[in-house]
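Going in written order, the chains are labelled A, B, C, D, E and F, and every chain counts its residues from 1.
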């Protein structure tokens, strides 16, 4: 029987503890998890400091110790809402249910006939990416909000230096 | 110390036994392997029948039993040779050495100052993707040239039916 | 003798009574009318809720009872002002005069040597698209500002539900 | 009750008698017809001599005397097979069944869950576009294969001169 | 021996006296100067009123009397920070050092291993492009802040009329 | 009085003696010359080995000793014939007459109302770019067909090595 797959879409700038808890919850629902990294073509901005490759590294390294089958795929922006679901479906392994708390993403999946579950209940207490990035730009406090593997990646690529210079 | 990473670029239409042997050889050289799926935006053609997501599934499922750290990332075509290396570097985790037997790819990495190793010695006996696709279009013979996990994926998505209809 | 054709450019989010009166006025000036739907690739946003196809349907259905020759063509954004006029000319039947009250559009046509007539005099009392969309998002009042055919289209596609969810 | 709509996709370089007979047959099946002009962004080549706007004019002028509701929409190439159906659906009014004899188009609609009917039975005797274009380039014979309205459009835009110069 | 080349990146909307002084300073440092015109695809907006070609004309005409080897190349926006340096390098003659006071540009060149020198010290007293454009839109005062050759170009293309109409 | 400007479009892979003689002839006709480098985004292929920046260098270095006002601008491919003339006009200084012997280019300028002069009479005896590239790939003979400045550029960038590796 084909495994049940869930797909979580986010920008993951950076991948933080809130995201990790969300992945853990989804893992209880499904057999395999697809993680789609949105705005994959964006990087080096205040809102999107990290490249897709750096975000792939953060997520794969964090999930390595877990016993789950995951697929981590960058999703470049198309700037065409009406074809966005097809675009995601072409870049990702086939999935049965999508997870998001972004109203536009929810609506687009619904109109395409894909089951979608709101994630608000999971990440209510989760930290905001924008706040973690603000802390990074001040080089303090951000470490406690992200998994250890993410700390390593940010340090390997001088992520703090990048944020400080471009902000 | 940062792990040594190698990056293998291919179209993987489909991922076959030759590719798998190549991955095994590269795994002996490096700590972690990045697999870049080229022409990620192409699908449903005789030359590129499978979507990026389907190819991600083939590769991750095949490598799952192996004890290696892998990153499988779709790389959309940019049709700009001069920026292609930067594009790959932005979609992939940082890597130290690239593997390819495509003369253009080799030259582009060389001009960008990236170490590149020719893979011809590894896959000399490997099957050609074009021949496997021809066998698929005739619905016979292809199974023995691809890993079991790839057989499962091709069957899950009716890959043979697709090739027969579009050829 | 070749018919005199006028081209009206707008986003038509949605096509409303002000637009209809404008079309009626232009129809007095010319033999045939081209209606170019701008930002055709945008949809599912607060500012551009409807797809190009939905807007084509609104306009064609509204104009069906009229005895005029019309051409309704979606115009995708190019984000290149300097080639925009050529882009419109390639998507639309040849036209002799353009109608717009957008200063940029007026200037671009002028620099390209196309006669352009300001439409301000016509739609002075017309409703604003932004206000009609705001009423749609509250599911009340919008019906009286759009032709009956547009009401039908909005209902067929659950346009009110879409606006409410994405706003 | 919502009308039943059929969508015919073609390049229509030019719109000829075979296409017209096909439209007449489809009109018997459905309430309204959508005609999608493929490769809308191509023009001035041997294979695609006419702009989208010129093709819109050919088709609308030909269908004007008919008592049917038609929508004629240019469809720009995306070079992404996996999102092509969504792209068509966003540019066209919602449709229930697609008509095509192109195996790739048939497959793409099928995989997207859209009903598709092969048109081979209709246009078996139809002329080939390539042959009509060859006749145009020699300025003889092409007139009898296209509707009168198309003859007028080709003459208005000096289509024969264009083909002769670029071939 | 290969000449030492410096590359100055800017939007030059318009090229003004501050830019000219900066070029003069850079000319003391290097043998040849490359001037990259950023946002080359933008025009006819309040922030980017002039086309790339108009800006090429402004700069070449201004530098004509100088005894220096210059290369003036339009650089279209790619909206991909991670490949931007490669894009510039492909459009420009090979250069040894880049000059910019834009923090993002500085960071991108640094990460790509290109030597970059901040230009703040040079243009501290330079006029702001935004202020000159505001003066142009009011048709007064702007002439004294730009080289004579730029005045001629702006007049040849009715730059003031354009700014007034689109603002 | 505004100077009379001519625009020569070519790919210049590489810029050779035939091109130079053509430029000399055009310089007799006009006050200033614009040289548009087509397919500016192509490089590292057998047909388009050199980047736009390398071609800019070849041309500017060759023309430096001449007493003429020249503008050398890269023109990226748009793959939209119908907007190509506008694209060239936006990247180049305003010009009065275009020079080309490419039938498509001639037709596109004519349809846009730009005066165009065929260049066949000038470069009849000129060498073909394809033959010079074939000689480069064999590392012999090509030097005598290109200006000295081009020899220097090709050597500076190891152009022969590039052609040999990618062919």
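Criterion: a residue touches a chain if its C-beta (ideal position, glycine included) is under 8 Å from a C-beta of that chain, and two chains touch if they have at least 3 such contacts.
Small disclaimer: the values here were computed from a predicted structure and weren't measured.
Engineer: Spell out the chains that contact chain C while also contacting chain D.
Structural biologist: A, F
Engineer: Compare the CA centroid of chain C with every other chain's and tell me the farthest one.
Structural biologist: Of all the other chains, the one whose centre lies farthest from chain C is B.
Engineer: Which pair, A-B or A-D, has more C-beta contacts?
Structural biologist: Of A-B and A-D, more C-beta pairs in contact link A-B.
Engineer: What chain is the most remote from chain A, judged by the mean position of CA atoms in each chain?
Structural biologist: Measuring from the centre of chain A, the most distant chain centre belongs to F.
Engineer: With chain centres taken as the means of their Cα atoms, state the distance from chain B to chain E in Å.
Structural biologist: Averaging C-alpha atoms per chain gives centres 42 Å apart.
Engineer: Measuring centre to centre with CA averages, how many angstrom lie between chain D and chain E?
Structural biologist: So the centre of chain D lies 47 Å away from the centre of chain E.
Engineer: Using mean C-alpha positions as chain centres, tell me how far chain D is from chain F in Å, no decimals.
Structural biologist: Distance between chain centres: 38 Å.
Engineer: Which chain D residues reach two or more other chains?
Structural biologist: 41, 43, 51, 80, 82, 89-90
Engineer: Could you run through all the chain pairs that touch each other?
Structural biologist: Chain pairs that touch: A-B, A-C, A-D, A-E, B-D, B-E, B-F, C-D, C-E, C-F, D-F, E-F.
Engineer: Looking at the complex, which residues from chain A come into contact with chain D?
Structural biologist: Touching chain D from chain A are residues 78, 80, 82-83, 85-87, 89-90, 112-113.
Engineer: What residues of chain A sit close enough to touch chain E in their complex?
Structural biologist: 41-45, 51, 162, 165-167
Engineer: In the complex, go through chain C and note every residue touching chain D.
Structural biologist: Counting only chain C, the residues touching chain D are 2, 40-41, 43, 51-54, 56-57, 60, 64, 69, 71-74, 76, 89-94, 156-157.
Engineer: Spell out the part of chain D that touches chain B in their complex, as residue ranges.
Structural biologist: 79-82, 103-104, 106-108, 111
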